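Comments concern the structure below.
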Amino acid sequence: MSKIDKFNEERQSYNEILAKYANREQKRFFGLDAATYEDKGHLDKKTKELMGFVASLVLRCDDCILYHLIECHKAGINSDELAESVQIAMLVGGSITIPHIRRAMKVWDEELNQDV
Amino acid sequence: MSKIDKFNEERQSYNEILAKYANREQKRFFGLDAATYEDKGHLDKKTKELMGFVASLVLRCDDCILYHLIECHKAGINSDELAESVQIAMLVGGSITIPHIRRAMKVWDEELNQDV
Amino acid sequence: MSKIDKFNEERQSYNEILAKYANREQKRFFGLDAATYEDKGHLDKKTKELMGFVASLVLRCDDCILYHLIECHKAGINSDELAESVQIAMLVGGSITIPHIRRAMKVWDEELNQDV
Amino acid sequence: MSKIDKFNEERQSYNEILAKYANREQKRFFGLDAATYEDKGHLDKKTKELMGFVASLVLRCDDCILYHLIECHKAGINSDELAESVQIAMLVGGSITIPHIRRAMKVWDEELNQDV
Amino acid sequence: MSKIDKFNEERQSYNEILAKYANREQKRFFGLDAATYEDKGHLDKKTKELMGFVASLVLRCDDCILYHLIECHKAGINSDELAESVQIAMLVGGSITIPHIRRAMKVWDEELNQDV
Amino acid sequence: MSKIDKFNEERQSYNEILAKYANREQKRFFGLDAATYEDKGHLDKKTKELMGFVASLVLRCDDCILYHLIECHKAGINSDELAESVQIAMLVGGSITIPHIRRAMKVWDEELNQDV
């Protein structure tokens, strides 16, 4: 199974557990989180996902990074645009972000990149 | 072996290595850390563990989260109280905490929850 | 003017600006944030505020710390309980939290403490 | 003097001191930092500045936030686009970002906003 | 009054308040913190203070940075050694550390530097 | 295969992917990062690596911690010096660093320590 399929499957399974115990306010938070990246409003989907991706990189959360990388890919970013986004995260967040960038780029290289 | 048994076993093994190399000041730190959550003083054990749990969630350390979740459970919290604690961490710390919350709730669901 | 009066006045003024530019989702977030610490549900107000206080301390946000300290005071915590909460934040978050603790304790000492 | 003028003046003065003591590698870092947000390459200036702004918000550095807010303004973002960017930072980073957002929105309201 | 005199005076005043409310465990923490940088043991004072300085820079706490910068100066570091330490923090922690570095270097330039 | 061999092998493989997608500015960043810890300039290699190690510990990045621990070992630190460095990170960064310290000390104990 690909890393992305595994990630999505686990995420689905985790989210069922989250939903089982979430109170009303948590559910409102999840709804708000989903609404934040919807393809509507004033900034386009790609820009929103790039911001989510860079925020996740500088805060160094692998699951969040992978989630937004997949969404960036769906929104059509290419390797050159990804490189510039990663560059911003690396400059702002420093070398401490590099191990996370390594793991993200591996998934990009093996499963997402279609620039060939 | 359950996740909690595995966690406790590894923790025990790690702590032996820590103790082997710790200097006197490190040992004092470990003693102070243990004393902090003892069932004595002015706040009850449950409140102390809830604070340790929420602090661990917003700082996003899985091992610390699991440790305090287990202690919260021993102190008698139920799923409704856990949901409100998680809600605080999620609001203060943002969606970047969610992957950690997912992993915590999975252990709660599979091994700790006895609200049934 | 006391530090707390100044804080509250500035906060009010800032919140008017926030509200002026906030979109619908931001307003939902503010509502959710307020709901999180309401005196209702399964954990009491004091426990919720202590968790908010400790989370703010380990994340080192002076405004958030002061806000929750004031709310902890309203909820009736005393100096002994405060000391144990601060102790948890200090142990979890390390000496890097101490300057923030200093500023919080100064307000406690000068304006909130009524244990005398 | 406006907050922005004061900020720019102080920044200029600070940068002279930085340059006075910086070694060759630090100077290369500053050059790289500047190059990162230049209006060239594959992503447009506005997208790059929005990413820098959101990264600064979730890492909670007031000076960095203000710097990128000013640059976002120069790149032509309006209040609606700003609101969506702030929303992303608030959702990812949590309520701990709100005091920083307050300070940024005050400068936006008083000195940058020209949507009227 | 110089920035350093002001810092030391405030620190003294704050520490009196801290001591007034600290419980026994907090006092043990303060003792442990002080012991950590003492000129004894296996690493020399200068190396210990450089580590405290770099740790404070990457965690971005101005008071901690200034405290350790003063101690580094007392331990005899010069501007070239300071530049290399700052370089490490800047590379590890990224551009988000720069505003803190600016403030530290200003104090170095105006009050501590005696390399002339 | 030892943990260190596995780490080095993976790191090599990851770095090839990084290089494949890195733009010119990212490559300059990697070069700058490498230059930062070179055995030249005003502070010795051992001091630089100790600073990199402590910075990595307080920022809690396991890969960065292990990398600098290996480099510290190559630079000749012994268990007593390591204990004092770990002590600084633990005091500055708090108990949240302990799980990372555990994992580092396990590698030190099993693969690096030659103080016997």
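Going by the order they are written in, the chains are A, B, C, D, E and F; count residues from 1 in each one.
Just so we're on the same page, a contact is a pair of C-beta atoms (placed from the backbone, for glycine too) under 8 Å apart; a residue touches a chain by one contact, two chains touch by 3 or more.
Predicted model only: the values in this text are computed from it and were never measured.
Shared contacts of subunit C and subunit D, meaning chains that touch the two of them, come down to A, B, E, F. Overlaying subunit C on subunit E by C-alpha atoms takes a rotation of 120 degrees, rounded in steps of 5.
Repeated interface: B-F and one of C-D, A-D or B-E share more than half of their contact pairs by residue number, and that pair is C-D.
Chain pair with the larger contact count among A-D and B-D is A-D, by C-beta pairs in contact. For this pair, subunit A with subunit E, the centres built from the Cα atoms lie 37 Å apart. If you average the CA atoms of subunit A and of subunit C, the two centres end up 31 Å from each other. Centre-to-centre, using mean CA coordinates, subunit B is 22 Å away from subunit C.
For subunit C, residues that reach two or more other chains under the stated contact definition are 23, 25, 29, 32-33, 36, 41, 55-56, 58-59, 64, 80, 83-84, 87, 90-93, 95-96. Those residues of subunit F lying in contact with subunit C across their complex are 58, 90-97.
The residues of subunit C lying in touch with subunit D in their complex are 11, 14-15, 17-18, 20-23, 25-26, 29, 33, 55-56, 59, 61-64.
Within the complex formed with subunit F, the residues of subunit D that make contact are 23, 25, 28-29, 32, 35-36, 41. By the touch criterion stated above, subunit F contacts subunit E in their complex at residues 32-33, 36-37, 41-43, 47-48, 50-52, 54-59, 64, 78, 80-81, 83-85, 87-89, 91-93. Interface residues of subunit C, counted against subunit E in their complex, comprise 60, 79-80, 82-84, 86-87, 90-91, 95-96, 98-99, 101-103, 105-106, 108-109.
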